[in-house]
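Shared between the two complexes below is subunit A, which pairs with subunit B and subunit C, respectively.
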Partner chain A sequence: MLAYALRRCLGALLTVLALSFVTFAVFAWLPGDPLAAFESQRRGRALDQARRTALVEELGLAAPLPARYLRWLDNALRGDLGRSLRTQRQVTEELSHRLGPTLELSIASTLLALLASLPLGWWLARKRESLLDRSALVGLVALYALPIFWLAMLLQALLAVHWSVVPLYGRLPASGASGLGTRLHHLALPAACLALHQLAFYARFARNTAAEGLDSIQTLFARACGLTEARITWRHGILPSLVALITLAGLVLPSLVSGAVLIETLFAWPGLGRLFVVAIQARDYPVVLAMTVVIGSLTVTGSLLADLGGRLADPRLRHQVSER
Partner chain B sequence: MARRQAGRPAFLIVLALSSLAGLLPATGCNSAGGSKDDRAGTVRLAMPADPATLSFSRAHDFWSLVFTELIGDALVGLDASLEPVPRIATQWTWSEDHRQLTFELRRDALWHDGKPVTSADVVHTWKVLTDPTHGNSAWSAAMSAASRVSAPDRWTVVVDYDEPFAPALGSWCVPLIPAHRPLDDPQLVGCGPWRFESWDRGARLVLEANTEHYAAPRLRRLVFEIIPDRTTRYQALKTGELDMTGLTPEQVRTFRRNEDLQRRLAITQYRILYFFFVAWKDDGPGSLFHDPRVRRAMTMAIDREELTRLFDDLCETGATAFHPDGWAFDQTVEPWPYDPQRARTLLAEAGWHDSDGDGVLDRDGKAFRFGLMYALGSAETERIAAFVQQQLAAVGAEMTLDANEWAVFLDRARDKRDYDALMMGWRLDVDPDVYDLFHSNQRTTGRANYAQVADAQIDALIEEGRRTLDRQARRAIYSRLQQRLHQIEPVTVLFYPSSPLAYDRRLEGLETSPLGPLRFIPGAAAWHWAADGGRP
Partner chain C sequence: MSASGHRTPALATGLLLLGLLASVSLGSALLSLDPLAIRTDQILSPPSLEHPLGTDQLGRDLLARLLAGGRPSFLAGLVATGVALLLGVGLGTLASRSPVWIDVLLSRGTDLVYAFPALIGAMVLVGLPGEHPLMALPEGVRVGMIVGLFSWPMLFRFVRVEVRRRLGSDGHLAALAAGAGPVRTLVLHLLPDALAPALVPASFIAGGTILLEAALGFLGLGVRPPEPSWGNLLRDGMTHVDSAWWMVLFPGLVVFLAVLAFQLIGEGLGRQRAEELY
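After this line comes the complex of A and B, so read on.
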């Protein structure tokens, strides 16, 4: 198990390195001018030669690609991700400023989604193959297929504009109030919109894994032994589906910081997702690179954790390893 | 070259209508949050993204310019009709040879930290902005036109130019940089009518009135909410969370159907300093668009009136690159009419006939085929391109659509001149000088003469216009220039867009200029809530 874990960690590290190099190279090889971040802001007016030279010097663009990458990597390992071309501020400062709002939104929506979807999924698993279960599954697929921005705009129009029960946009009001109640009030609608989307996914997941357990031969045996239905549901339905949830960590972890671009945009939420979009549009490659590496690292870490955690929690997976 | 170097070939992405509606013009608004007292005296506007910076020496994107102009102050301002008006300079005089400009400064202008604004600050501003090692500001190029800036005494500034340069005055709309503060000062000390209060990045930026200013605002506070989505901005206007916002053409339509909203909100429209055009590249005798008759035929084949109707009349046709609201505009120069029949005749005169009957014109065995290059970015651009394609097909010109990502577009358009014809938007300067677009010197790589115009008459008129300081004489020169441009038609002007702005009816003192509701004198300084109660 230890050797396996080490092997996986090494693989993860190499993946992140490769990812950062590819992103770096893609930006270097993109057609167009490397100083486009400055140019597009100048609405297409060419920089004069003196300024161009000064910028190339300042950004170290004259060196060959591998040298530039190594210097970036060296700095990055020491926590310096460079300066944003657009704003001239440190990339770490830009990212950390946006991290809080994004975590707030993503954690709230994931919690909401899990709290609502797991009981729903388990309940459907107990009613599996009934008319109720089938129609609920169709409903969940439909919910999952709904474009999230459409759903959000609809809820905005109803809840914020028509009934005025929640604020339309923003994380904090202009009045400067920042108490917990105010924050939750602003968080409610965007988090609910995101949660609705995730809910459809998690509920189906919980329902299917629990149903699988409840249909197994072990369940039949447990029932034959005279265990209570509640106990059977817990041991053969809920518990296995919770273990299976660990494997979803690989998906959940990066999504916590990648930010929900559409929701952040629609609700004017000052998160990382919007920063990413603005950076891409402005060709602000230090920011895009940093975001890509951070999200990439979290994806790799997430899948690593899911893998190792799954093995710790589920003896069957461990067994597969030792067989191999 | 006058003020606002920023605005060059515009960003097609923004194809005017929609984005202008939503993005460029500011929006304003009032809080749903705060207490009643807090809201009175506050106007809430919206903007789509954070400004890149608030640094006076680095501002180069639209919103950075807006804020540096509000927090800062300049020697010269522009009024709603873009005429220069005194600000920190109470008066200015040109020397007889028109190479020296002398400003007298007012004595009561103060920096936000209480220090007086003096001639040393003006010299400092010029030095910082012309130093190539210090980043780049949208004002740098305009500042470089002066060869020397000196301060004979505390209240006098003398600017020397190597040659007479009429657009020079506009460059002194540059927000001044305090000499006694560090560059990129985190305190953002300016000398303008608004002080920087706070900036929660991604959320909002707040300015408060500078009551010490010699022309202090009537409101207490301006709150700029950062709302990237147009629909959300419009909804926020409906809920009263914003007091003002730009609208898209579609939103204007729904607004006009909603009587409730119209009771509460008013709509105004202003033509922005921008136009959308097709440049026909003329590389010399061999090229497709070398013959002026062919270029004129292209213009006459495109129904530009119909195009404006596609955009709900939120734009207008035009004849040349001279803005209809500018003082140099000659209204006797009218756009070529839409006349496909006449277009065919012109093409025939130039030797183009459909000899093989395939529906496409040809000459000496070569078919009339070309690509129209443009930058991807908005559905509107695609719509316009398709419209032009269809219209030209009707006169036998086969045009292919050549869409490019912005950086590729810039590279091919400006640096390689790799296109037959090019469609884009262009942000005009406040000064009517069109040197960048049409002078033969600007055909080189990196410059903006996209049509590759090389016409001795045009060159001479442009140069003469730049040298002539007398307004009447200059207007006469530009009148001749417009006639000549119209005659040789190097570009087809598709339209001049307008930007609709909706605002709370109780807000008084709101005016607009081609630069929007904020970027002129008095701009937001004149806004105030109606006496009978201000905010709801």
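After this line comes the complex of A and C, so read on.
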């Protein structure tokens, strides 16, 4: 188990390194003239030849690609991700400012979704293959297919414009008030929209994993031994589905940072997802590179946690022959 | 599982919905509706007999734009699924029957692609200069190609495992006993069986692409205005969310129905397969 864990950690590290290199190389290869864009962003004028040579010198762009990558990596390992082309501020500073709002939104919505979807899923598993279960599943498929930003716009039009019960957008009011009530008031609609989308996924997952456990031969045996229905549901339905939830870490972890791109845009929420979109539009390479590495690392870490956590929690997985 | 043998209603509904949307959207090219005609006297007018779905901020007919906007969306879905199938099935099959080091190399490469945030693909779309040869392609094809490049890992893993599972099956052994070579057994005996289940993830990819195209257009990173696409229409809708409900409601509704159609097809195919197995 330990050898396996070490091997997987090493693999994860290599994947993140390769990810950053590929992104770096693709940006170098992309057609277009970022220097000209950079100059017009910063000084609002066209780029002449002398200025171009000076910029190439200043940014160290004359060096070959591997050398430039190694310099970036060296700096990155010391916590220096360079400066944003758009704002001229440190990339680390840009990211850290926006991490808080993003986590606020994503953690609130994920908790909301889990609290609502798990009991719903387990209840459906108890009633599996009934008319109620089948129609609920159709409803969940439909909810999952709903474009989340469309749903959010409709709710905005209804709740914020028509009834004025929640603010239309923003994280804090312009007046500068920042009490808990004000924060929750602003958080409610974006978090609820994000939660609804996740709910559709988690509820089906909880329902299917619990139903699988309840249909197993162990459940039959437990019932034959005279265990109560409540106990059977807990031992053979709810527990295995909680364990299976660990395997979703690979999906959940990166979505905590990147999942809210659309909702953050729609609600003018000053988070990382919004930053990512703005950076892509402005072709702000250092920021996009940093975001890619952050999201990629979280994806890799998530699947690592899912794999190792799953093996720790479920002895059956430990004894499975490893695929690779 | 319930009593088996019947076609699942989900599959039938999905196919019907998809056929309806696709034929209306593609057939609209034959109608004399101009999605780009500007009418300054009809700006933001609500649904009426003349404009059944209303008009937008430039007085353009929303119905015409909605129908024309479906073309890049469906095109993107088609191209993305094609690219993903080609890469996922091709590389997955290769990995399943290759020496260990090729398999490891391919699997690691797949992990790498999977770790990329798909949004970064938009970077390539935004960054291309106007004279680049890729720019000569229709918008939907370009978006679809990029999305396809990021969505094949799921199919790769699926096909690799499915082909492996069939090694040593009766059909495989019979082919070997009859003297078929490795390529022949792979292409004629192992792959066809693995392809049918691969249609399930493929239909989810198609639905996901339509959603992603809408999201990219919504973020201003997809098909470029004034050319309509469902994503662009939703972006226009966002800026008029407080004044023109029809600009939000209808484009989102068609995206929802198209994604739902592919979801239902995927669910239906999956369920049908599960019933065949047990």
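Note that the second predicted complex is superposed on the first by the 308 of 324 C-alpha atoms of A that agree within 3 Å, B and C clash if a C-alpha of one lies under 4 Å from a C-alpha of the other, contacts with A are read in each partner's own complex, and residues count from 1 in each chain.
Assume contacts are C-beta pairs under 8 Å (C-beta built on N, C-alpha and C of every residue); 3 or more make two chains touch, one makes a residue touch a chain.
Here the structure is a predicted model, which means the values were calculated and not measured.
S.K.: When the two structures are laid over each other on subunit A, do subunit B and subunit C clash or fit?
M.R.: Result for subunit B and subunit C: clash.
S.K.: Is A:Leu172 touching the first partner subunit B, the second partner subunit C, both, or neither of them?
M.R.: first
S.K.: Check the residue A:Leu30 against both partner chains and state whether it touches subunit B (first), subunit C (second), both, or neither.
M.R.: Both: A:Leu30 reaches subunit B and subunit C.
S.K.: Report for A:Ala268: first if it touches subunit B alone, second if subunit C alone, otherwise both or neither.
M.R.: first
S.K.: Looking at A:Ala54 after the superposition, I want to know if it touches subunit B, subunit C, both of them or none. Which is it: first, second, both, neither?
M.R.: first
S.K.: Touching A:Ile295, do we find subunit B (first), subunit C (second), both, or neither?
M.R.: Once the two structures are laid over each other on A, A:Ile295 reaches subunit C alone.
S.K.: Of the partners subunit B and subunit C, which touch A:Leu65 in the superposed model: first, second, both, neither?
M.R.: Neither partner.
S.K.: Per the contact definition in the header, classify A:Arg98: touching subunit B only (first), subunit C only (second), both, or neither.
M.R.: In the superposition, A:Arg98 contacts subunit B only.
S.K.: May I ask you to decide whether A:Ile280 touches subunit B, subunit C, both, or neither, giving the answer as first, second, both or neither?
M.R.: second
S.K.: When the two structures are overlaid on chain A, which partner does A:Leu132 contact: first (subunit B), second (subunit C), both, or neither?
M.R.: In the superposition, A:Leu132 contacts neither subunit B nor subunit C.
S.K.: Of the stretches 295-303, 403-411, 421-429 or 493-501, which one of subunit B hits subunit C?
M.R.: 403-411
S.K.: By the touch definition above, which subunit A residues appear in both interfaces, subunit B in one complex and subunit C in the other?
M.R.: Of subunit A, residues 30-32, 153, 156-157, 161, 168, 265-266, 283 contact subunit B in one complex and subunit C in the other.
S.K.: Okay, in this complex, where on subunit B does subunit A touch?
M.R.: Contact set of subunit B toward subunit A: 5-11, 31-35, 38, 44, 49-50, 52-53, 55, 58, 60-61, 132-133, 135-136, 138, 140-141, 144, 200-204, 206, 223, 225-229, 231-232, 235-236, 238-239, 241, 405-408, 410-411, 413-415, 427, 446-448.
S.K.: Which of the residues in subunit A end up touching subunit B in this complex?
M.R.: On the subunit A side, the touching residues are 30-33, 36, 38-48, 50-51, 53-55, 86-88, 97-98, 101, 153, 156-157, 160-161, 164, 167-177, 265-271, 274-275, 278, 282-283.
S.K.: Which stretch or stretches of subunit C touch subunit A in the complex?
M.R.: Within the complex, subunit C contacts subunit A at residues 2, 10, 103-104, 107-108, 111-112, 114-117, 119-120, 122-124, 126-129, 132, 161, 207, 211, 214-215, 218-221, 234, 237-238, 241-242, 245, 248-249, 251-252, 255-256, 259-260, 263-264, 267.
S.K.: Taking the touch rule as given, give the residues of subunit A at its contact with subunit C in the complex, in rising order.
M.R.: 11, 14-16, 18-19, 22-23, 26-27, 30-32, 129, 138, 141-142, 144-147, 149-151, 153-154, 156-157, 161, 168, 254, 258, 261-262, 265-266, 276-277, 280-281, 283, 288, 291-292, 295-296, 299-300, 323-324
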